[in-house]
Amino acid sequence: MATMDNEVFQAFVTHAAVVTLKMMLMGPVTSYFRFTRGSFSNEEDVARKSDDEKKKLLRSHPDVERAQRCHRNDLENIVPFFFIGLLYALSGPDLSSALIHFRVFTASRIFHSFAYILAFPQPSRGLSYMLGMLTTLSMAYNLLSKVFVP
Amino acid sequence: MATMDNEVFQAFVTHAAVVTLKMMLMGPVTSYFRFTRGSFSNEEDVARKSDDEKKKLLRSHPDVERAQRCHRNDLENIVPFFFIGLLYALSGPDLSSALIHFRVFTASRIFHSFAYILAFPQPSRGLSYMLGMLTTLSMAYNLLSKVFVP
Amino acid sequence: MATMDNEVFQAFVTHAAVVTLKMMLMGPVTSYFRFTRGSFSNEEDVARKSDDEKKKLLRSHPDVERAQRCHRNDLENIVPFFFIGLLYALSGPDLSSALIHFRVFTASRIFHSFAYILAFPQPSRGLSYMLGMLTTLSMAYNLLSKVFVP
């Protein structure tokens, strides 16, 4: 198909797949913290344990909640990147300009996850969040200045 | 590329970008409430404060939670709109019919955000939620009546 | 448009629409539990009730929280499926191979929802979650082995 012959679209495919895989990784990271910290949400997940143990295991744990906040932040930011980025990639931007947008976004979100899970001192996490958001806003501006049919 | 020469697709691009930008705005809205209400989730976000202040700042606040529920509701509704709407726009619908769907959805979600953040009396928020959902369902019906390869 | 003449793309459209509709269904399921269990999050949702009743209705309920966790898990898994699956469908895979991926994913997520809402004994829910994730990972591997422009 025509889209896959286009180098901008190929670059979008690559970066979109990489950040999506990164986002998917947050599922196993959360599971890892659930098992190592002993913190579950569902009765059926601890069915084989004694009643005493169940009570302890059905509590929240700060590390699990942190992983979930990181995952949620990914959804809130990677979803808009994919939506805007896909339409932007189809709108025929310069390859060099598109590559800068995709690379900056991907790098900012990979850094953001390390900053969140490992609790780096602020403002490192805040700045990487803002950088990713600004990249998406820049693509949206570029897109809407070319296509606007309200 | 062919898609961007098509008026239905251009209309989808416009409305999809607008509702995605509206959804992204919920991030800064939540941050605004975090700073003005003094309500944070991460130790490192309040690292420079005294121990007494930290305890107060690491509590939840109703306004922050309300903004988060609004953001989550956006994800739960704008994501399906984008998925179904993109495929619907590619399936060659009438321009007039497509424009009605896109405009009603966009308007319903902008109203929904005001209704949520400003706590309008019900059923205003509930009705705007349902209107947006019905618009997406109507596009899904239209799409699947043309394309169905299970 | 070219995409809609392609059988792989038609199969993607069908399965993507079905799992998106399934995900949208979690909204009404949550509402159902809110009304039958009497559990709301917003003051304005219980405005007509007496002050005594309000207090009771503004509490969380395990069934509402379970439906919300199921909905969130859908977002965390169906969003990556759509992103990766769309790009995979555009990359020209074999029809038979694509159909296996789409069908296994759709079946695994429908089963997952029943397993979550009806609290099936584990590891049924965990295995259906992993099966869906592996399907998406397999498509991502297939996609990135064809297209990689970082």
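A, B and C label the chains in the order they appear, each numbered from 1.
Just so it is clear, a residue touches a chain if its C-beta (ideal position, glycine included) is under 8 Å from a C-beta of that chain, and two chains touch if they have at least 3 such contacts.
For reference, the UniProt names are A, B, C = Microsomal glutathione S-transferase 1.
Just so we're clear, the structure is a prediction, and the values are computed from it rather than from any experiment.
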Pairwise touch network: line, ring, star, complete, or other: complete
Numbering shared by both copies at the chain B-chain A contact, with half separating same from different: different
CA centroid of chain A to CA centroid of chain B, Å: 17
Multi-partner residues of chain B (at least 2 other chains): 2-3, 75, 79
Chain B residues within the chain C interface of the complex: 2-3, 6, 65-66, 69, 75-77, 79-80, 83-84, 87, 90-92, 119-122, 125, 129, 133, 136-137, 140, 143-144, 147-150
In the complex with chain A, residue positions of chain B that touch it: 1-4, 7, 10-11, 13-18, 20-21, 23-24, 26-27, 41-45, 47, 71, 75, 79, 82, 103
